[in-house]
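Here chain A shows up in two complexes: once beside chain B, once beside chain C.
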Partner chain A sequence: MFGVMLYGQWKWSRLIIVLATVAGFALPIISVQGAAQSELSPLRVEELLDAVQKWGVLYPVLAAALGLLVAITTWAPDHRGRHVHALSLPLPRWRYVLLRFSSGAVLLAAPALAVLAGSLLATGTATIPPGLQGYPVALALRFALAVVVAYAVFFAVSAGTARTAGVILGLIGGVILVQIIANVANLNLDLFDRLQILVLNWPGPLAIFTGRWMLIDV
Partner chain B sequence: MCRSRWLLLLVLVVGGGQLRGQELERSPSGTPSVGSGEGLARLRARADSLAHEWRRANAFADLVDSLERARVIAAKDTIRVGALTIITNPSPLPLREAAARAWPIIDNFYGSEARSLAGRPYIIVAVDPDTTVERPAPRSGIAVLWDVDVASLTFLLLTSVPIAQPDATLRNWLGGGSVRPSLGPERERASVFVQLVTAPSQATRDCFLGDTGSCRDALDIGDSPDVVLRWYRSPEQRRAVVTRSLGGYLDRGPQQQPLQSCAAGSDSSCIELLQSIPRSAVQPLAGGARETLVNLALRLGGREAYHRLIASPDAPVSTRLAAAAGMSIDSLAARWRSEILGSRPTPVSLPPRGPWIALGWVAFFTACGLRSSRWRVS
Partner chain C sequence: MNHAIETQQLHYRAGKTFEIKHLDLHVAPGSIYGFLGPNGSGKTTTIRLVLGLVRPLAGRITVLGCDVPRDAPRVLARVGYVPEQPHLDPTLTVRETLRFQAAFYATWDWPCAERLRRQFELDEPMAFGHLSKGQKGKLMTLLALAQRPELLVLDEPTDGLDPVVRRDILSALLDYVSERHATVFVSSHLVHELERICDWIGVMDNGRLVIELPMERFKNGIKRLRVAGAPPRVAGPPFVLLARERANGAVETWIVREWEPEMARYFESIGASLRDVIDLDLEEGFVELLRTFRVLRP
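Our next item is the complex of A and B:
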């Protein structure tokens, strides 16, 4: 059963997976382009870290986009077929959902491994100035976790009903409304900041995406 | 205090009908006439008069300050822990506890010099945090909300130790700072490690690689007169420093032309610019790096180290540091380097529990997906 699902998932999302794998492999290599020279001037350190930091912004973007697109393609055929195929299978729903989730997650391993391979290649070939170190495994691990978190979030959203979406939107609307009322009443209440801290700082769900994504650092 | 001096001076000058020297002789164009010897003598007399009034204003301002100090001291509590003396108004502020925590650190750091604190009290004005009444800022002392906790108060006491300022040479070398106990030594050393690795200077690079002489240069304790050229040894480094770090500052007035020449590749223009600006503006390591060196010297030198550091203000900083540490400056620099290298910061990646937290969120959202009721609704 899992093999069939995996095959189906591959058919639906292979373009996304292949493109993300290529991007994931290329990104670390491109980010250390300037470091391939043998010159070890102190000026190079600043430039190298600058380049690595600028390119590093793309890792969480790639992870989020990949998680989103694969989660959408995981559920899209079911939604289109109004879940008739799933209901016709001799499986409880929770098992079906787990199989769906697992098949998507397995495919996500390819881009994560590509990031690892690209990072290892990039740090292996670049001339890293003294004092700096490459962190290929840590970066690839972080990328893998970020992809899976993004995938899980969007998978849950896609699996939800219109009512669930309504509840989520209602909650967001409620927060906005409370904030507006607080502002009008001149109350010292900043819900957006608090929410941002809750969501984007550890142990928030999206904390994995924030911070610096450095392939090479001190 | 400076403000009150200026105010007093202004009052004296404006209301000073008795200041005969203010009767300026004007030329037809309205400017003072200085052409004759008599005019010059008159102007000199007026300058002397102004200087006299300035001294009077200073004296008045000092009087106001001392009265204010006396007023604050008069009706206040005095807390003594060791030589630490705190004068404050009655409040729930946990000053005694904070002082008990701060004193051992201060005593350990300044050694015998810490005794001088008995005559140099902290003046702390505890302020009610709940009041909405705006009170005038105290002229002397530090205003502190009285709901501040012990840790924050200890931090405050350690960052504002009222010990006598060191001499100008040492202060300037430190980048305007003073010699204070380190509040986060590991964090400060980690910050210096980053500077040592990333500063666009050959001296810092060579120091990192193990050349003690370069460490002396990087810390600006060498005796070389052309230290700026030792910091930035190649024309590329000099151009980079001038155009990238100082470009905004130099891009005006008479320095604009040499800046353009430097950017175009003229090394002599770059050198001219580097030597024309204060050395502190182009030091490859920030003042914090030198503070870590002073802290190390004081730690190694024992209780009398601070006393030895400030004992001979005319000696070069390197000699004073060596005396404070009780070892040669080369040994001190080597020790400093090894401490900095041992404080490599942990890379900004994931916190130790980060992966588990992320997996926890994955499990949570998957469970949310499992509980979805789309099939039942459909």
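Our next item is the complex of A and C:
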């Protein structure tokens, strides 16, 4: 069963996976291009770190986009068929969802491995100035985790019905409304700030996407 | 008697306007049960309830001896289902679709699938999305038959198909049924089609079961009578009087159900005379039945 699910998933998302794999491999290599020289002045070291940090912004973006697109393709055929075929298959619904989820998750391993390969190659071939270190495995692990988190979140959202989407939109609308009322009433309440802290700061569910993504660091 | 499908006091509601109420279905094992009804009468919803695709608000569903929706996966492994609309992945080829389906059914019969694929002239490399409506219908039928089910549930399997494709699909279904003695539950609004193949019939209208009886009784029992001199009110007729209309002069047309020839004597007892007994075909009977049901419905 898993084999045919995986094959279907590959057919729907192969372009995304291939592009993400290429990007994941190229990104670490491009980000350390400035480290080709063996003797770097302190100023140039700072420039290198700056370049690595700037390119590092793209890792969480790539992870989020990859998770989103693969999650959408995972459910797209079922949504198109109003889930009738899926529901008429002789297996419990939880098992079907698990098969769908895992088939997408398996394919996400390719871009994560590409980031690892690219990072190892980049740090292996570049001359890293004294005092700095390469973190290829840590970066690749973090990327893999971010991809899985993004995929899981969007997979769950995408699995929802129109009613679920309505509830989510209603909640967002409610928060905005409360914030507007608080602003008009001059209350010291910043819901967006609190939400941001709750979601994006450790141990928030999306904390993995924030912070610095450094292939080379002190 | 253990029925292949049995529902008891089934109740389901979709939105504010559509409701299935007090549905009691009894599909005998080995029978070909035609589920008739106009569009929007609740046939597809009933099928989805029977297969556990949607959950009822109340009532009990038993399919092949198992409770639905509780045991739906076990039931679905023994049921071949052809939905009203083909809901398969349009990007998969015929071959890939067969492989996908085969992976989920322990009873999948590859030689049978291959024979039917050749019989239906389905090209293996063709994507499902590029198949014609008739080819899609054939593929759906193939998928249902190749898993060797004990029960076939067909939701308007030939709706919108040309006569040649319809004949191909129906003959493949009948071959399978005669070979395996499977039960068939087939919904349609194509009355003549069901008349040819079914031995039981259930008629649905507006979410309710109007009638459920053997096809022979339905076909032979519904008559159009021409009656002269009948009083305005008649008490206790031995048949079911569905409709009574004035034709010309004192002659009336009566549409009756459960008619037997010896019942002609009844008209003498009420001072009327029976002029003619006309057989109605299934379609006419079906229309008259619905007409009466809608008039009498509270």
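The definition used in the following text is that the second predicted complex is superposed on the first by the 218 of 218 C-alpha atoms of A that agree within 3 Å, B and C clash if a C-alpha of one lies under 4 Å from a C-alpha of the other, contacts with A are read in each partner's own complex, and residues count from 1 in each chain.
Just so we're on the same page, contacts are C-beta pairs under 8 Å (C-beta built on N, C-alpha and C of every residue); 3 or more make two chains touch, one makes a residue touch a chain.
Please read these numbers as outputs of a predicted model, since none were measured by experiment.
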Simultaneous placement of chain C and chain B on chain A, clash or fit: fit
First, second, both or neither for A:Val153, with chain B first and chain C second: first
Partner chain(s) touched by A:Arg82 [first = chain B, second = chain C, both, neither]: both
Partner touching more residues of chain A, whether chain B or chain C: B
Which of chain B and chain C A:Asp217 touches, first, second, both or neither: first
Computed vertex angle (chain A) for partners chain B and chain C, CA, steps of 10°: 150
Touched partner set for A:Val106, first chain B, second chain C, both or neither: neither
Partner chain in contact with A:Pro130 - chain B first, chain C second, else both or neither: first
Contacts of A:Ala26 with chain B and chain C, given as first, second, both or neither: neither
First (chain B), second (chain C), both or neither touched by A:Leu58: neither
Lowest C-alpha to C-alpha distance for chain C against chain B (Å): 5
Overlap of chain C and chain B interfaces on chain A (superposed complexes): 82, 87
Chain A residues within the chain C interface of the complex: 1, 3-4, 7-8, 11-12, 77, 80-82, 84-85, 87-92
Touching residues on chain C, where the partner in the complex is chain A: 51-53, 73-77, 81, 83, 85, 87-92, 96, 99-100, 103-105
Touch list for chain A against partner chain B, complex: 41-43, 45-46, 49, 82-83, 86-87, 93-94, 97-98, 101, 129-133, 135, 138-139, 141-142, 145-146, 148-149, 152-153, 155-156, 158-164, 202-203, 205, 207-208, 211-212, 214, 217-218
Chain B residues touching chain A - in the complex, by the definition given at the top: 193-194, 196-202, 204-205, 208-209, 234, 236-237, 240, 344-345, 347-351, 353-355, 357-362, 364-366, 368-370, 372-375, 377-378
